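For reference, chains read A, B, C, D, E and F in written order, and residue numbers begin at 1 within each chain.
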Amino acid sequence: MGQIITFGEVLMRISPRGNKKFIQSNMVEFYFGGTELNVGISIANFGGNVKHISCVSDDFIGDAAISYINKFGVSTSSVVYSKRPLGVYFLEVGAVMRPSAISYNRSHSSFSEIKPSMVNWEKAFRKGVWMHWTGITPALSKGAFDTLKEGLALAHKKGMIVSADPTYRSGLWQYGQDPKEALIELLNYSTIFIGGINEMNEVLGTSYSYSKSDFLEASKQLIETFPTIEKVFDKIRTSLNSSWHKIRARMWNGKEFRETEDLDITHVVDRIGTGDAFAAGLIYGLQQFDDYKAMEFASAACALKHTYEGDVNLSTVREVTSILDGNTSGRLVR
Amino acid sequence: MGQIITFGEVLMRISPRGNKKFIQSNMVEFYFGGTELNVGISIANFGGNVKHISCVSDDFIGDAAISYINKFGVSTSSVVYSKRPLGVYFLEVGAVMRPSAISYNRSHSSFSEIKPSMVNWEKAFRKGVWMHWTGITPALSKGAFDTLKEGLALAHKKGMIVSADPTYRSGLWQYGQDPKEALIELLNYSTIFIGGINEMNEVLGTSYSYSKSDFLEASKQLIETFPTIEKVFDKIRTSLNSSWHKIRARMWNGKEFRETEDLDITHVVDRIGTGDAFAAGLIYGLQQFDDYKAMEFASAACALKHTYEGDVNLSTVREVTSILDGNTSGRLVR
Amino acid sequence: MGQIITFGEVLMRISPRGNKKFIQSNMVEFYFGGTELNVGISIANFGGNVKHISCVSDDFIGDAAISYINKFGVSTSSVVYSKRPLGVYFLEVGAVMRPSAISYNRSHSSFSEIKPSMVNWEKAFRKGVWMHWTGITPALSKGAFDTLKEGLALAHKKGMIVSADPTYRSGLWQYGQDPKEALIELLNYSTIFIGGINEMNEVLGTSYSYSKSDFLEASKQLIETFPTIEKVFDKIRTSLNSSWHKIRARMWNGKEFRETEDLDITHVVDRIGTGDAFAAGLIYGLQQFDDYKAMEFASAACALKHTYEGDVNLSTVREVTSILDGNTSGRLVR
Amino acid sequence: MGQIITFGEVLMRISPRGNKKFIQSNMVEFYFGGTELNVGISIANFGGNVKHISCVSDDFIGDAAISYINKFGVSTSSVVYSKRPLGVYFLEVGAVMRPSAISYNRSHSSFSEIKPSMVNWEKAFRKGVWMHWTGITPALSKGAFDTLKEGLALAHKKGMIVSADPTYRSGLWQYGQDPKEALIELLNYSTIFIGGINEMNEVLGTSYSYSKSDFLEASKQLIETFPTIEKVFDKIRTSLNSSWHKIRARMWNGKEFRETEDLDITHVVDRIGTGDAFAAGLIYGLQQFDDYKAMEFASAACALKHTYEGDVNLSTVREVTSILDGNTSGRLVR
Amino acid sequence: MGQIITFGEVLMRISPRGNKKFIQSNMVEFYFGGTELNVGISIANFGGNVKHISCVSDDFIGDAAISYINKFGVSTSSVVYSKRPLGVYFLEVGAVMRPSAISYNRSHSSFSEIKPSMVNWEKAFRKGVWMHWTGITPALSKGAFDTLKEGLALAHKKGMIVSADPTYRSGLWQYGQDPKEALIELLNYSTIFIGGINEMNEVLGTSYSYSKSDFLEASKQLIETFPTIEKVFDKIRTSLNSSWHKIRARMWNGKEFRETEDLDITHVVDRIGTGDAFAAGLIYGLQQFDDYKAMEFASAACALKHTYEGDVNLSTVREVTSILDGNTSGRLVR
Amino acid sequence: MGQIITFGEVLMRISPRGNKKFIQSNMVEFYFGGTELNVGISIANFGGNVKHISCVSDDFIGDAAISYINKFGVSTSSVVYSKRPLGVYFLEVGAVMRPSAISYNRSHSSFSEIKPSMVNWEKAFRKGVWMHWTGITPALSKGAFDTLKEGLALAHKKGMIVSADPTYRSGLWQYGQDPKEALIELLNYSTIFIGGINEMNEVLGTSYSYSKSDFLEASKQLIETFPTIEKVFDKIRTSLNSSWHKIRARMWNGKEFRETEDLDITHVVDRIGTGDAFAAGLIYGLQQFDDYKAMEFASAACALKHTYEGDVNLSTVREVTSILDGNTSGRLVR
């Protein structure tokens, strides 16, 4: 398998243990994450060859972030450094009807300082066959948007597969860029669309509903609008409450509509990064399986992520396929 | 909003983490609590102006208790000190069919030493508009009963609202006082009754059942017997097991009977202090909303408390009303 | 009650907290366990007089193991020592569809070095009335098998009750012995069979199904084949997933077939050692109650074990019988 | 005693336990601190009436900071809020020849957004008799400098005592202001100078040495140059290594030079905030004792701070004076 | 070796980790201790046969205490139970010039309820050859004093050796008994006096100084006054500060005065229970060695205790004698 | 700089926190280590290009070990796997006169299974310029000895520098090989000798003393006996006790004898791996500096290691050279 390239901010995630609030305990745990890095690490856990590109702080926190990424065997050889501090996010984990809450400290982070001149994309892509991006990166700063754009343009030119998770988060996008225009520009370099009705409505300017027929209509319009896009994958979450979710996925690959069964996640451990686990499962799966099996693999990966603390899916391929083989009763593995 | 006064023992709560027993680990966590303090802190978290009156130990444990109360912005300016140690309770948190278990060390605590001469009620009530008491305080010692009685008499005289949670716990009441007589005496100063069939039967000497009609009958008889009482609020808990509860509330305010929907708490984190969260929600709610909305607010507050470790509801008004607005699916708050 | 003798390996169990993997945190917790020791400690927690016989390492880890056993009042006076290290197992606790995973380091442990000459069975049995063994011990080494055989032969000769939990784990049995032959030899000294269809099929060479009628057929054939065996007890687990199980038990005592109700364990804390909790409940119960009540007691003990961390059921008799009396709603015990 | 006002940034301090680096453990502890806040909390621990003025983030981290300050009984009634995140600093605690290391994330913090219009100094000073400032605040942003200047001007006008700790840290001062000019402007409102040769050289443009005679010369020149300044207090640290320090102090109060004995700190627990403990001891002491006794009190407070984790001196007056009474042998207090 | 009997209160010790105060962290650790129990456990760690007699609470905290004692192989077969809670003490560990601080919650503990009728001394002494008591027990309650007196009278009658550590702590003795009279009465049953000038002055009503000659004079007068006493052992501590102590011992055995070398404890981990470690070393040593070697053994044991957290010396005989053999350079033991 | 190759066992190190024993707490921490790996990681922390070759377990513990090595940027591409468990060692950290204690579980570990056929040395050495070995590896198993021998022979043939730390630990060497013969065979491939009088006496069969003149004699005889050896480096430790050490080094490089100053380590945090830190400093230093400066660098690295928990020196080159530049007073680094 060739190298998968992920590009995006590395954040330090800090949270009290269990369901505590910061006001309750001065002992907290940290992990590193970031939506694109989560995807990269998860693919590396599947055995994929992954390189993550980012800009981190030139201090012992940046060192710890690099170590964390290396720990999973993800290459950091193209990471660059800045004098600014690494982005941080604080998390309080909810339960039942209490939602989890996040507070960010990222607007002047090391990553927001990135500029196209800082990344040597040609060198970074030497072994690259796939690039993955999300809607978070272009929202962070003009430099981040421009750097991503430069990378995608080259990836497209080199014939690499480009997967897009154009999540739109309105709280970001503080630097003046119109989100819709930016996402459209980037989608024109992309081949796989990982997103649902909200994301399609955002870039198409439409108002499709969540129904199956609307999903189909929207997908077809999307592919028509963005001719590079070949396939659309959508993950659907139904939440009973913070502790009990169901996960399902559906797809349109230009030829057929398919939908998976619900996976019932009765005791959520940590829901952060579950969408990233889906994307990673898909990227890995599309290189190994047919489209439907890839989507099933992605759904199972997503469901498994709910059982791990931290931002990252720690499952191996064997563990994910075991779910697909029906081993969902949690029988002890010796 | 004027100042709400709570009066009662401050206890140090010590418990192993998770579902461990003391025999399993020598690492434990502590919080401070006590039924009336829990009510006070929760109201302060709603933005209320609260003063808690108590008698704590004159040592570094008493200092830590005062700090804990101050941390939530509750005034400790009327707290008094004693040479005796602070009361302690040990908790082992159960799960599923295993009940949580509590062991107390409070019978000769600093609070049990309190005497009417130690509290300057006139000064304490300078900004007071509401006083809250529970059936725990008069059960602890003659001094505690007498001090409470003196406070309530003055509160009544000054026209303050007095809410009563006359919980009857037979294991206490070791100093010779007849519980029923004591509670009756104190209810004669009270305007809001927060309690159910058991509490009404205790003070009325009746044997009403849990049915709606009996609740109505009992409430009417209560209001007839204690003419200062205007409203009765009852919280009903249905427990599948230690980890899965349902909460519902009902009321008779002299004019109408109302009942809330069940709130389903599928993954209980900590059930201690959930009744206090209800009382706090009610006291806050009755100052902001109509009676039914106040009861709904109290129910949601009570349900949310099940998701926090420790004795205290840490929710804000915005978090509670969000539940009332139907946001119970635990969607991440960024 | 006379002394119950358990014999088997003591393992150090090391696991990250909560649902973490070893890759996620360098802070871990340890307990000591081992299937026969778990049974012994649980019986001691019921107030039984128990002696555990084993071979531990002659270092500070062996000392810690001895302390751990003593902590529960189980006699270690017949434990012997070896220069080899204590066996270890590493555990990662799963959740929902993620199974828990175990990795062993026991094949050259101190216990595997045990030899018949090292244990003075006559002295060890001085107060003994019951001996319990499992299919793990004979699988570990020839010395372990021989030592167990010698002990059982003497127990049989002295008229002690012998309970057998002939669990067959194919990953063990590395030293050349045929498992079936070994188990048959040991069953010929046994009076109580604690096991299900799989274990009966293994020793009978049959292929009975899980149906009630097959269970009855199998039990009868077992008793015919092994005339010392008087009673068969089977625990049935239905797993929704790693976090949600149901437990039920059935029996054939030569006279009647009985079956318990399902116990619903909605939030599993730790499933390790739940079978041992069943065996312990049975051994204790059969000395106090009739066969059916003993099986009910064992089922409730087994269900309660799911709520404790570690390998061992920490319940008292009062706590188990409280479940049988219908107190499964988890009402706080003060 | 009237109210002491402190003004400055509140930082969240995050550090691994013991002497670990971030790369070694994902479990860390946090406290809140900041040089002026440290002074304020320490004075409150001496029983002083203190108000801290700052600008914190409007999120659960800001809430936790406010709680932390309230915990020590320091008033937060004049704290204002900003949409930016709270400043953070990361600390790795060294030992022996390994220095402790700090990495800041504060350049775009909530405090750096403060503007004169945000603080109502008149209201804040209602009970104020003393204001304390340090050289950190004017270094952070123009808004911080201007706000501080406005506060000091009013304090001076109202005849409040103003103590200055004009620490000069060259790594700050990124916003274009000349440090020397700023410090000079602020010193013109100040009455007590807490600083040594480096600070005097910085504002005088001189190059005095550490000798006693140079200290005297410098102090006299300083008082001549800044006529509002009446007294100079200097704390001298001699470090054998990160774990073993000695502390001594000297003063010139316009009339006499005095110097304390060395205090030998053989096992440093945490050296952060020890200068702040000195300043707090001085501010408290100058209101209770003569100048020399105040300096002795400040030195003992400073030395004690080395024995507490976190930024803050947790000693009471009784604990500090006990050192002055010669109780330095650490005899257990029951 | 025959059985050594210790009698006294079991306390739960609760303390924050490291040098934290309770105000700083809600995570604390607990051990069980109590001066006589500490002696007993330490002797058991030397391989001695020890029984501890006490009265503990009849709850899960009492259960945990019993488990803790059993863990070290100390017999709890004569422990009795009371409805009152177990005594607790809270500890904040100091450093350098900050002393450690203790706050007790013991005045109405389970042990203070003990009465002579509750302990069957005849049965308890069945294998007893030595009894150890301290001045803490008679200070706690009349029942404790009377029960101890009854035990000592019987021990004396049976010709058992009785060691006395008549520590006088004035803060105790709240129940009206004259301390001096009580200690005199108990010393009349004792053979070994473990104490220094303060203790001798207390019971003799003298004012000897710490000098060698005064120690000799005092010892001779003591033996004259209490004819059962044969030997006097005194441990001398010199504290540089809380973190750095020196230990030395001296003795008069009726025939010769001897004194040990100083042991330099440069980095104290925990000083609680170091006197108990000395007593335990002496009791063990006097049964194995001559008087001087026993005192040397006791001093080394005492010094080693400073390196263990908790109340108890965890050293083995081999570890103590290794110090006596000159192995004090801390060379790694593999 | 070319690649440095280290080869040896990876061990999981498990220890209680602080100075606790295993009997005191069930919460422990783990790191990975092993003498050659420690050297490799430390060189990587200096910026070196390092590959570690080993044989680890094929389970989640082996995965965690690989992650740990990757975390420091050390290549694991030549690591092989075995069905056996990873070696473990348990550590109890002493203080003052209490030595640290270690218990091993390594005799049947995954590494002991290694065979020459399992490692492709040609491929592993593709970028190699230096190989480092220690006397631990040939002591573990015949396979380990043979594999190492094969590697060294090839390294020698390719003209790589070979550094030898021929530590002789008699407790190992259980498989029948004569230690002296094995070490002699391996030294014949080596160019740098890192060891002292003991190691030289062992391989020369001499009995030199620790004096300077004997060191010189021994070094000369060593170089005469093993003509490939060019330089001898010796680290000398003087221990006041477990918590206070001094470090010094001396060398003979065939031309001159040099000796460093003592480095005083007044508060040892963790002494494990300090010899490995010396070796790593030397290997790095000899590639950057002259022999004496390299030895000074190695000594400072060794001293710094005493301030880090775990087996590994976490210092950077800048941090080590800062010590050499005289910055030993522990001044805070911001």
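The working rule: contacts are C-beta pairs under 8 Å (C-beta built on N, C-alpha and C of every residue); 3 or more make two chains touch, one makes a residue touch a chain.
Going by UniProt, the chains are A, B, C, D, E, F = Sugar kinase.
All values reported here derive from a predicted model rather than from experimental measurement.
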Message: Touching both chain C (Sugar kinase) and chain D (Sugar kinase), which chains are there?
response: A, B, E, F
- prompt: Looking at CA centres, what chain is most distant from chain D (Sugar kinase)?
  reply: C
Statement: Among D-E, B-E or C-D, the pair repeating the E-F interface (over half the contact pairs identical) is D-E
Message: Which chain has its C-alpha centroid farthest away from the centroid of chain F (Sugar kinase)?
response: B
Task: Could you say what rotation angle superposes chain A (Sugar kinase) on its sequence twin chain B (Sugar kinase), using C-alpha positions and rounding to the nearest 5°?
output: 120
Query: Where the centres are mean C-alpha positions, what is the separation of chain C (Sugar kinase) from chain F (Sugar kinase), in Å?
result: 44
- line: Per the C-alpha centroid definition, the whole-Å distance linking chain C (Sugar kinase) and chain E (Sugar kinase) comes out as 41
Interchain centroid distance [CA atoms averaged], chain A (Sugar kinase)/chain E (Sugar kinase), Å: 62
Task: Give the residues of chain A (Sugar kinase) that touch two or more other chains, as numbers and ranges in rising order.
output: 18, 21, 23-27, 29, 31, 67, 71, 101, 104, 267
- prompt: Graph of touching chains, which shape: line, ring, star, complete, other?
  reply: complete
Message: So in the complex, the part of chain B (Sugar kinase) that touches chain C (Sugar kinase) is made up of which residues?
response: 18-21, 23-25, 94-102, 104, 169, 171, 239-244, 267, 271
Message: Quick check on the complex: what are the chain E (Sugar kinase) residues that touch chain A (Sugar kinase)?
response: 24-27
Task: Note which residues of chain E (Sugar kinase) are touching chain C (Sugar kinase) in the complex, please.
output: 67-68, 70-73
Task: Spell out the residues on chain B (Sugar kinase) that touch chain E (Sugar kinase) in their complex, using ranges where they run on.
output: 14, 21-23, 26-31, 57, 59-61, 63-64, 67, 84-86, 88, 90, 92, 101, 103-105, 107-108
- request: Report the residues of chain B (Sugar kinase) in contact with chain A (Sugar kinase) in the complex, numbered from low to high.
  value: 17-18, 29, 31, 71, 263-269, 300, 303-304, 306-310, 314-315, 319, 323, 327-334
